[in-house]
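The structures considered in this document are given below.
Presented sequentially are two complexes of chain A, the first with chain B as partner and the second with chain C.
Let's turn to the complex of A and B:
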């Protein structure tokens, strides 16, 4: 009898495993169907202009999502992605417009600020982390606090006044298209590839996922949890910085409010895409597609002339659904997985 | 003689000398010496709290001993962390699983190698190829590229052993490796261990299963209350009944409680053919009002599982429960406690019983907040304190005040608070699971007296224990568990010699049937 239940469980396991794996395909299908429906019902939807509108917005969302995904993968969370973005935005803008730094130096400085913020997060998490607690609880609290710190520096420096007068060539980058495709996609794709390479192909990436999957097992195998915490937060900070630099280029000015709405999307994109909330498993292409889906939904709402005031509500629903689906997937996997008898 | 001596020493890979370790209020290990020899399996037996896991933790560098020394290849060693033990060739397969479930089999086996260098490109094909060698060593025929998540517990167990082997460990500590395995799975694991043993690996093998000891062990050490029971014995000097009597120990020199008669009393609880997911065999028994019913069995014999089915922790999948003659459907702990008056004291009081960082008052009140709150849901002023005062006196809890934090109490007093917490709900039936594990001998008697007094007040008690003297001194009737179900019922005459023989007989009869 025990054998038959086990087989049963295994069958269910396989089904779920397949479902989890086909996640990417599922999102792709939803995206295609939604796009087709929109194209047939809304005249302005299927135009090159609109395509690039969507592309610009999902490029940023995808990179923000990756910034969160990296941390989710190692079993933590980063509530300060938006705050890091804001601080990087005004730094780059300020260096360029006020101190007249060349673009390349300003961008490098921006990435450095992002990395430093991440490094601070990682260091602080290590300082206050009690191994008996889960890493995500500690990182939740630390990044909640540091988000306020970063935003505080941002507002203190700028007094909430946007910085105008960025170099024209910097602004024009985000408006460029190559073969009709927004250049932002061409920036996002190599970024995503690099993240995928780090997470799946390098030793440190595997160590990050090992910590997320089972920090005790990782530690017993000689993985340094504190080193991994710092490293993954630096990567997250750099990704947030890249996203922020793209946004100020798009806006043409460094708004201190850059990054304000990022937090929810940063969780939604990876969770829709099959990244596990409790760590150990990430999906880069899924995260990118999750961002596409979110951008598509926002854009469709505009075309369907849904009141702006209700857009937030619908975003909320999408995110609740994303988290719900992720939870369902995990819980059912646990329920039907082989249980360990006492 | 001296040549002989050195020959013998050459095969000793690891030796501990008089290792002792104390925790507040309890001596976990008391001068334990043992040696692990090349190509030998050394079985370590003992009940919960006997000190086995403490010994493993010391050997593997998780904790350091208070006294005593350790030698590897005759070189003195002292580890301050697991990494050092690891680089000395010691590897542990813990009882709980330590794999990264989202990784592949190969990556899990070679996790140490992945952790060794940070900025290195991982060649998965290479990893799969390299890990195959260790999969072969443990005799596991699965693809190294499979995700661990879908594997069975037995397969994961073997993967952990493969990982230990990948570090070229020559000393392997296995903590109850077959606890979660089926018979066939366990058999193939034992086969693997034999093979590795023949290749020269030294094993320390912790188990509760007597059958296994005779199948695999070359020598046997039994721990009881942190001390070695007799010396380490080679397997050919032991038989089943000798081993069981070593494990259950001799009676301490204390008076048993008097024999009582329950002829005209009504049953407090009747259970018919009860089973659950974790207690798959149907069990039936009756608990008489005011009696102490002992559930004896070695760890893993299915006692806790049945208790959990009874209190609705693992909801019953079949059978009937009657509380005072009324049919009871118990679906949750709170239903068991508040509707049917069945209280349960978990064997792990620190994890499942007490709020360690809270004062005595709040711990006792925790189970009766619904009783001591006023109409708008606030706790009545002083109610917690009055409760704590009452039970502190009644159970003679020794503390500086009722506001003392649980963590700072001794094990025995913690257990009393645990009792008080359940007693505050005024249960009619109390299930007490291993109440004296990790409690020193003197406080043990106090807990026994407490249980006895409660039964005299009319509370019907089920005492789950693998401590033979405790069962025989305290209970009125004994159910013996083996292999997941009740295998016999005995009326307790409190004559130690006679009773222990009968109990061991019942345990062994079952073992013999399956073995």
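Let's turn to the complex of A and C:
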């Protein structure tokens, strides 16, 4: 009797392991299937040009997704990713075009602005945080306000006028390809690896996930929540800055509207990829694949000639579908889970 | 016992915001050219009217500890729908059109609430998705069209003033607030909502059907968002897809300035009204003081952050008691 239950548990254990891993595999499967379908049914889909269009798009979305992911991991949320992006974009553009700064200095300045915005967020979250509230309510409120502040500074400086006249070599980066593959992927991949390294292989990354999982327990174990809050928000700000710099290179000008549509995708990519909304668990490869899926979906809509007026509606459906599937997975994982703990 | 204590806290908080508001108004009367003119006050009152209802829409879900990110889109759906009816079906009695508009608002809220309850997906994500779903529906169906023809009787609502030049819009808005006060504090449903917001488990054990409460709260939020949308199209004289686009921040700012806490269970409708007044007055003042309108966003964010600071001080003060 005992033997058969042990065997049963082992079998279910393996199934659970596969189910947990299947998230990334699942997304990959959807991507492959969708790509195949699109390649066969649409003329212009399976071309190198289109591949790079998708690649450029998902490189940016992946980094934006990662910017949100690191905050989700520590149990918060960052509504200001788009606003930081916009502010960094016009700062870098303005420095290059108006003050004629060299590219490298302007980029560093942009990253610095992103880090400062993140630091501001983190500092304020610490100030305002009420232990009775969950961390993500506080971060929601603070970043809601700070998003307004950053956008306000952005618009106040630029008066909603885009900045043209960026250095040519800067603009051409986004069009370059190495071996036929867009350079932007080659920028995104090391960024993703760095984030993964920080989250999974460093002590501070583990502390971030600990705070996200159970902030009270983490605090009692000696983790400084205030330091982690500031650190993770700085990382988030820097990632948003990187994404913004790539975007203005692609656009060829610094538009104050950069970042306006980022909010939905910044949540969609991590959630599709298996990052938990409540915190404590992140999935970097999942976030990247989630961004790929979103870019693929957007690109497909264009090929399918879906009216541009319906695109927003479909984006909303996509995020519902993604989270819904995630919920089903969690529910079934929970069911299996009950068999593991005898 | 508990009730009296809560009432006293609210009254003390309201005192603080009343003082702040009075000071701001005094400053503006003396330093901002044209603030005290009847034209400006009239326009300001109309803005306040809309912001009050937007704030109340968010308040409806804050009461159970949820957030409604989609209220701008809900207002847009209702506003556009009502605008469409006003233009294409102007032969219908106005009262029927308005009723249909409100029902549409209720429907948008109901769908969202039912969705949350049925799928048990995190409410934040659901409302985030519905932002896109509803606004996408509007743009998808209307393809960017705006509705500019309104029947004379509807347009008259915007022009009507009662008593000392108080706009009808403001009276309507205050009436809505009064209805909500009755709803929350004098009806069984209202008490149940507040109980559920305060402590969901306790409410469930007390026999309250929390599923219905969630759906009810979101439906109410949708209805109020719809009301704000209709007030907005009255003010604008047209129904455009941009309605509600900038409502998110102010929908939180008004209740928070007014002392509503975000974990649920405690609402202050008077506070929301005062919060709406404070925000609109400050923005109006900035406009009159010739501050570039691009900085308004920064100010709104700053006001919101300021209110968190004040809340913190309040909490410290309360704990000391």
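Points to keep in mind about this one:
Assume the second predicted complex is superposed on the first by the 307 of 342 C-alpha atoms of A that agree within 3 Å, B and C clash if a C-alpha of one lies under 4 Å from a C-alpha of the other, contacts with A are read in each partner's own complex, and residues count from 1 in each chain.
Operating definition for what follows: a contact is a pair of C-beta atoms (placed from the backbone, for glycine too) under 8 Å apart; a residue touches a chain by one contact, two chains touch by 3 or more.
Since we're looking at a predicted model, the values are computed, not measured.
By the document's definition of touching, of the two partners only chain B reaches A:206; chain C does not. Touch criterion met: A:320 reaches chain C, while chain B stays clear of it.
Residue contacts after overlaying the shared chain place A:281 against chain B, while chain C stays out of touching range. In the superposition on chain A, A:218 makes contact with chain B only, while chain C stays out of contact range.
In the superposed pair of complexes, A:128 makes contact with chain C only, with no contact to chain B.
The touching residues of chain A, counted against chain B in their complex, run 1-2, 6, 10, 13-14, 17, 200-207, 209-210, 212-214, 216-218, 220-223, 227, 231, 276, 280-281, 333, 337-338, 340-342. Residues of chain C that touch chain A in their complex: 67, 119-122, 124-126, 128-137, 139-140, 143-144, 248-249, 252, 256, 262-263, 292, 294-302, 304-305, 308-309, 311-312, 315.
The part of chain B that touches chain A in the complex is made up of residues 82-83, 86, 96-103, 107-108, 111-112, 114-122, 147, 149-153, 163, 179-180, 182, 278, 280, 300, 304-305.
Of all residues in chain A, those touching chain C in their complex are 77, 124, 127-128, 130, 132-133, 137, 140-142, 144-153, 155-156, 159-160, 263-264, 267, 271, 277-278, 307, 309-317, 319-320, 323-324, 327.
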